[in-house]
Amino acid sequence: MTDSNSSLSNLDLETPEKPFLDSNELVINMGPQHPATHGVLRVILRLDGEKVLGLECVIGYLHRGVEKIGEHRTYTMFNPYVDRMDYVAAVSNGLGYCETVEKLLNVEAPPRAQHVRVILTELNRIASHQLWLGTHALDIGAITPLFYTFRDREEILKIYEKYCGARLTTHAFRIGGLQYETYAGFEKDVKNFLAFFRPKIDEYEELLTTNRIWVERTKNVGAISAQDCIALGVTGPVLRASGVKWDLRKAKPYANYKNFDFDIPTGENGDTYDRYLVRMAEMRQSVRIIQQAVDALPEGPIMAKVPKVMKPPAGEVYHSIEAPKGELGYFIVSDASTQPYRVRVRPPSFVNLQALDVMCRGQLVADVIAVIGTLDIVLGEVDR
Amino acid sequence: MIAKLKAGYGSGIEPLSYAGQNYMVVDRSLIPEILLVLRNEEQFDFCVDITAVHYPQREKQFDVVWVLYSFARNERIRVKTQILDGESLPSSVPIWPGANWLEREVFDMFGIKFDGHPDLKRILLPEDWKGHPLRKDYGILQQDNEWVQINLGIESGQ
Amino acid sequence: MGQIIQYITSYLGSNQTPGAAGNMFWALVYIMLVFVGLSIAVIAMNWLERKILAHMQVRLGPMRVGPHGLLQPIADAIKLLLKEDIMPAEADGLIFWTAPFVVVLAAFTVFVVVPFGPTHAITDMNIGILFMLGVSSLSVLGIVMAGWASNSHYPLIGALRSSAQMVSYEVAMGLAVVSAILMTSLNAEGTGTLSMIGIVQAQLAQGEWFIFKFFPLGLIAFFIFAVAMVAETNRAPFDLAEAESELTAGFHTEYSGFRWSLFFLAEYSAMIAVSSIAVTLWLGGWLRPFPNLLHNSTWDLGFSLFPGVTFLLLAAMCFYNAARMPKHPLFRIQTIGLAGFGAVLGLIGLVLFYPPVSGRIQDIFWFSAKVAGFMYLYIWYRGTFPRYRFDQLMRMGWKVLLPLGLGVLILTASVALLQQTLWHP
Amino acid sequence: MAPVATPFFFYLLAGIMVIGGIMVITRKNPVHSALALIVTLLAQASIYLMLYAPFVAGVQIILYAGGIMVLFLFVIMLVSIDRSMKERQFNSQWVVGVIAATALGGLFIAVYTKGTTIFPDHVLPVIENDNTQKVATMLYGQYMFAFEIASLLLLVAIIGAVVMAKKRI
């Protein structure tokens, strides 16, 4: 309680000091159609030679008004829409939404459903990190990891496909539990995947972790301090790489994460390399969680008692989960009708993207690419 | 903690709870002070989210909601205030730099102005778009047809 | 016509050096051969790179056009030739048009002095290696022209980057080359040579490839050159100029169709050219392994079988894969095509066993095999390395390779002097 | 190598050089001027080749065409071209220019008229194969001192450039 405004953080969001040589400032526009901006992100860079003086993100190219749509759909009907925000981690989005509505309805999913939810969500975290790794490495010029990660991600998508028929926007969960009982051989598939995937992480690491060029390209690039992270509201692996041991699965356990034993990997320098290491370690932790969950998968019902027509009592709830990209929150206001009065999504990518400016100051143009990659944003979620 | 604040500010604060989650409705005039107190004295150093809800029937049409989190206490709290249409709020960017985009989004979607915001402009919608889509009086099929016709060269985006 | 046949028969029976003899006719023949051979090599490289890279990345690569995508490069070539040739409205027309030709010209002219064998070169220049370095440095001009004439940010930055890179690494490259040339002077007369053929002959005379000379000095010089040559050709991990994530495609962003394919052609022939320099200077050029140690008629015969055996192995691979093709009517053409390709390769292999041919093809075979090794390395780098950042690249060139090259040069000179004074007082 | 069509090639190259030289001073766009200069330098290198001086030709290509001119182009491309294109190519220094040109022309005429006594009147025997060796022995034997002084001068220039460009070393 001794904090004062001065120690808040020394984020200087104003124009930086004049460069030594009074050369012309070069303003370069990157995107919205650019291979390295991971979607339709437009970045306006102010450069001094190759050095970045500052940048501004222009977003909204993918804005679909998800929150507005939510106000005009029933609780059940809105469920598939959330998958379309962070389409790389659709299952996590669904989990967050279902749990929030369950909170409003004051029901809890049965244990079996909880376990399956954890398995699918963690698989999703792995898939999301794989996609991140592939594209991030591709941005830095290593093309091979992309194919390795996509090959292995395919196995996860196959499990999804067998479970619910969809691969990307799965719509796997229902408010109150699961729609489907797991298919026969689900557990075996998951276990097979874990056995298959464990050596694959080593394979990725072999390609990159000690690769001199990779280390040189990522060490001390886009570093951000824990203080700045917190001040900017950055969450997820980016925050953890800066040394804050904070994970919503531990801090505010949801589903039944409190029953599982796992570590929160953290970094020290908050640079791109640390973020890479943290995400790699998170994949290993996810494997651990899935192993525990699938080993202890209980029998029982998969749906709690929820009314066919959902009319949660008037009230409001904010609930958030640890999505692969950070804190994914839902703020839902109910007016006791069948449709939510207001649905607010707190997207991790959107808030994390704010840190891009801070992280890129003083870096080179080539580093901006690396930093955009390491932030792991999905524009569908940024713009909603 | 809320009790302490309540004791300090009296009728300006109304502590509430729903589904096990604490929140408080704070009078508009107390907002800058309360937010600063929460940040500096109660260690709510992480501004999770800023959003708004529109109630067209009420006289004070908008609820503005701050979702705050404290790493030290592992506690979340929501601060809510009610404002009139057209009334502005003090920006919380000086308190939490991360509030920047969140406030811009609230401005974009609801038209609520934040005084002292470094760069308050639309964030998701085009700069010269008319209307604020998350207001209840903005229909779900409604759009700025004029903008669409000028900028996209098509009759309608529907 | 009869004269030409007479020339050919007299050539098969003689031991003529084309360049030194100043024979215009043979020079022209070799220009044609090198040009055609190079084009075929580039086409083959295109296919091989895609296939090898694909297999490194757990993909199949081109599979549709022809059996195992063998006709893919040809399809690509047709596509590129038929594509619209676009010039940006604000571009500087003349320079925009000429830039690709400058690059291709520089890349191809280099091969004038490349010795594919003691008698297989267009010409043997007194200043061979100097000529190669000089002419290959001219391709920078074409790149700068292309980048500037496009009148667009990305190509300009790409061009500035690649030319800065090439100019910087030329320095380290030159130092490494000089230390190799220094080694050619370690003979009784004490005079070295800049002639490409002379350099290889010096290695033969000294009974040692220069990569092993004064171990590890030759090796370090070779290493410097091997790094610099990758940077010189703008290939991964030094392909910043065409980093698609940053600059879309670098200096040739605005080029399309035929002109783009000229840049492509130039890039690959430049790769072959610098690999040829490396092979000539350090890996004994056209010399087969152990030419001095294993020197009797049995070994000669054994090594002369290599070219034919290689082609027969390739043919066998084709037949094996043709046999593995799915037995389905739709695959009949593909199977026949692959088998036919195998038959052609096998036929070439058999011809290569014919003694007069095998004797003459020997040198070319060993030279090409060594160059092919470098080509594989290029692909391998591309599959495994991320990309350097520009400042790191420059730091590497100026702060690591340049001092290292200087050190190696000084050490080589000292050791050579020591050796000369001790052994030939 | 027996010379082939020597006069033809000489006049061709000389013509290219003259045209290139004129282009250098008449083009409004400095990039075009620089490229014309490169053409001139390359033609000059070819003339060296014709004179059986391949080493000088090679050095000319590496240093001038490949190195220095590329740096020239760099500088030209990085400065704003629009401005320099608007500027007049012929400015008030023409008096100095005319004096320099007259002096140079006078020198040429003097050499041409008196040259018979300075230059040998017969063609020297061509030393084709050890031309490079000859250059080397000359440089490192007879002209060793001058050569080393020149390289020292260059070193000083490099250090001076670094000092001037960098405020803090």
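Going by the order they are written in, the chains are A, B, C and D; count residues from 1 in each one.
We take it that a residue touches a chain if its C-beta (ideal position, glycine included) is under 8 Å from a C-beta of that chain, and two chains touch if they have at least 3 such contacts.
Keep in mind that what you see is a predicted model, and the values were worked out from it rather than measured.
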Reference chain C; chain at largest CA-centroid distance: B
Leading chain pair when contacts are tallied as C-beta pairs: A-B
Centroid distance [mean C-alpha coordinates] between chain D and chain B, Å: 71
Separation of chain A from chain D, taking each centre as the mean of its C-alpha atoms, in whole Å: 62
Rounded Å distance, chain B centre to chain C centre (Cα mean): 64
Euclidean distance of C-alpha centroids - chain A vs chain C, Å: 46
For chain D, residues that touch 2 or more chains besides their own: none
Per-residue overlap in chain C, given as positions that touch at least 2 other chains: none
Touching two or more other chains - residue numbers and ranges from chain A: none
Graph class of chain-chain contacts, one of line, ring, star, complete, other: line
Which pairs of chains touch, using the document's own definition: A-B, A-C, C-D
Chain C-touching residues of chain D, taken from the complex the two chains share: 1-2, 29, 31-32, 35, 38, 54-55, 57-59, 61-62, 65-67, 69-71, 73-74, 77-78, 128-133
Touch list for chain C against partner chain D, complex: 22, 92, 95, 125-127, 130-131, 133-135, 137-138, 140-141, 144-145, 148, 156, 160, 163-164, 167, 170, 191, 194
Touch list for chain C against partner chain A, complex: 53, 56-59, 153, 236-237, 239-240, 243-246, 248, 382-392
Chain A to chain C touching residues, read off their complex: 28, 34-36, 50, 137-144, 146-148, 151, 207-208, 211, 213-214, 216-217, 364-367, 369
Chain A-facing residues of chain B, complex: 18-19, 21, 23, 39-43, 45-49, 51, 53-54, 65, 67, 71, 74, 76, 78, 94-102, 105, 109, 118, 122-126, 133-134, 138, 140
